[in-house]
Amino acid sequence: MAKEKDLIKEFNDYRTKMNDKILEDDNKVLKRIFNLDTNAYAEGTLDVKTKELLGLVASLVLRCDDCVKYHLESSYNAGVTKAQISETLSIGTLVGGTIVIPHLRRAYEYWEALEKNNN
Amino acid sequence: MAKEKDLIKEFNDYRTKMNDKILEDDNKVLKRIFNLDTNAYAEGTLDVKTKELLGLVASLVLRCDDCVKYHLESSYNAGVTKAQISETLSIGTLVGGTIVIPHLRRAYEYWEALEKNNN
Amino acid sequence: MAKEKDLIKEFNDYRTKMNDKILEDDNKVLKRIFNLDTNAYAEGTLDVKTKELLGLVASLVLRCDDCVKYHLESSYNAGVTKAQISETLSIGTLVGGTIVIPHLRRAYEYWEALEKNNN
Amino acid sequence: MAKEKDLIKEFNDYRTKMNDKILEDDNKVLKRIFNLDTNAYAEGTLDVKTKELLGLVASLVLRCDDCVKYHLESSYNAGVTKAQISETLSIGTLVGGTIVIPHLRRAYEYWEALEKNNN
Amino acid sequence: MAKEKDLIKEFNDYRTKMNDKILEDDNKVLKRIFNLDTNAYAEGTLDVKTKELLGLVASLVLRCDDCVKYHLESSYNAGVTKAQISETLSIGTLVGGTIVIPHLRRAYEYWEALEKNNN
Amino acid sequence: MAKEKDLIKEFNDYRTKMNDKILEDDNKVLKRIFNLDTNAYAEGTLDVKTKELLGLVASLVLRCDDCVKYHLESSYNAGVTKAQISETLSIGTLVGGTIVIPHLRRAYEYWEALEKNNN
């Protein structure tokens, strides 16, 4: 289980550490963008799970590994199932093309780590 | 109402005409991609509305006006509400940045045309 | 002069009309992003001219014609010279590659329209 | 035949007119990039046809309609067949995903115009 | 020679392991996309070498390191020469701009590894 | 201080080593692009600092970590202040969206390394 925990921990530790430094820098525009990020994924007309899947597919087609990991983890914590993740990733791969496949590999690896880490 | 009908009709007529020509060309890879496009948005673990919103947000962040129009229209026909569209577009704009705003304008215009055309 | 005025007027009229509709929709995330857009280009440590050039080069490499037009017009109004525009566009074309050239053509056309419209 | 001729003529006239204005501006970096563009597609270890197809597929996956038109026209003039164009476009659509399809439609339309215009 | 072998082996081992997991997941859309990938690069009107170069240039301008590696390796195995690779990469760098250069560095490194590993 | 020095040294060593190999390959198009890169950022109507910030924001919105590092380092050496960097990065994040944030984290880390390494 250690390896999976490492993958998750390393991602989150770096993310938290650097987000803190960015926010300490006290740039008003950056602070508001970070703040908006929290707001946009909160329950609204669409529920949290759907919003996380929207964030996930957007991250995948834009080919941002860290963003994909972040939304996989939030999705996992919100109770999204693997089948829902697979369908979302398949739409992203179709829309974004085979260029997306390397990011798909890393997405599957991270989801597997999340599942193993929580068993 | 005429102007809205024109916007919608012009988009769909050109789309249909050229899709037919592409399929007549009988390239196996292209035909299969077109076919997959139909499959991926069919009801699965995720319902059709959610899948259309996934297609919409992916199209918006990739800044493809025609793809946005297509998914707005399919969403409209599947019974998605304007409030759900707005939340989806807002996530896309946050993820994709202000560069997305010109496409957001055209998305709002097309959705309005769909609503007016059906009243 | 009529043709140049039309190019500028058409762009700004549509932009204003649709921005109004988006803001009327009252989506909090979208409203804040629009608001941030005003803030980010205000005088700070960097002056307005430099910030407009930053917005211009970012828009060019991301190949967003409407965004390029917007920043060309703000730059023009802020007193940026054509020579400064040319150097900025040349950096954008080098960084973004020849794929940027069609957008460069439309940028030169819009800048020329701005100059003619104000003489 | 008139309509096809118009599509081709309009594209080339605007392209030539604006390229001339850009070159008159006498920016050394831009002039050299334009110059390189001529060099890169000249016969080398790879023949002109292959190079044009490389330019075409790169333009398609980057979703630049004007660049696609330009390389379709150069390919046509170099004697590339429609079957070679189709295979090239199919690779581009697979790599770039369904987001490429609207550009594929316009590519097929332009190629058809080139064929009709020359018969 | 060990270091080059490692670079190649590590890439291919991870690629194979994760592709297997994705295919085991039994998502129909993903399976068909993977299948199409095999089809599209098979000999047709265009020969395998040309198709691999098309895949390579598309991967480079989209700045996907893993995709570049994959097509460099397939090109190498199909008998493409270094001179043909260089010309293809130079077209990609011109079209995609200097933003492509970091990926160009890694492409040159991987090609060198392929050559050393096979001597 | 060792860790920061490593981050900077590792980036620059690899960059120099591979640039040398690319230039040795003697491809005329690539050599000229590399040469243009030097020219475009030299003092002109715009001063070196402004040009480096233009290169930085273009690199950030195109999400190229190595390009961001390069322009951070050149900016640092040209005497750009942290406040100017922050404003530039905030414009890039607004234009490019939250997808840019992982690259923003690495930009802050590299700038910090530059500051520590020179104290």
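As written, the chain order gives the labels A, B, C, D, E and F, with residue 1 at the start of each chain.
The criterion applied here is as follows: contacts are C-beta pairs under 8 Å (C-beta built on N, C-alpha and C of every residue); 3 or more make two chains touch, one makes a residue touch a chain.
Being a predicted model, the structure only gives us computed values, none of them experimental.
Considering the contact criterion stated above, the chains in touch with subunit A and with subunit E alike are B, C, D, F.
When the contact pairs of B-E are matched by residue number across A-E, A-D or A-C, over half of them reappear in A-C. Overlaying subunit A on subunit F by C-alpha atoms takes a rotation of 120 degrees, rounded in steps of 5.
Taking C-F and B-C together, the pair of chains sharing more C-beta contacts is C-F.
Subunit C and subunit D touch with mostly distinct residues; of the residue numbers seen at this interface, under half occur in both copies. Distance between chain centres (mean CA atoms), subunit D to subunit F: 32 Å. Note on chain placement: the centre of subunit E and the centre of subunit F lie 27 Å apart, centres being C-alpha means. Subunit D and subunit E have CA centres that are 24 Å apart.
Along subunit A, residues 29, 33, 36-37, 40, 58-59, 61-62, 67, 86-87, 90-91, 93-96, 98-99 each make contact with two or more other chains.
Chain contact topology: the protein chains form a complete graph, every chain touching every other one.
Residues 61, 93-100 of subunit C touch subunit E in their complex. Interface residues of subunit E facing subunit B in the complex, by the touch rule stated above, are 28-29, 32-33, 36, 39-40.
Against subunit B, the residues of subunit D that register as touching in their complex are 63, 86-87, 89-91, 93-94, 98-99, 101-102, 104-106, 108-109, 112.
Across the interface of their complex, subunit B is touched by residues 14-15, 18-19, 21-22, 25, 27, 29-30, 33-34, 37, 58-59, 62, 64-67 of subunit C. On the side of subunit F, the complex with subunit C involves touching residues 33, 36-37, 40-41, 44-46, 50-51, 53-55, 57-59, 61-62, 67, 81, 83-84, 86-88, 90-92, 94-96.
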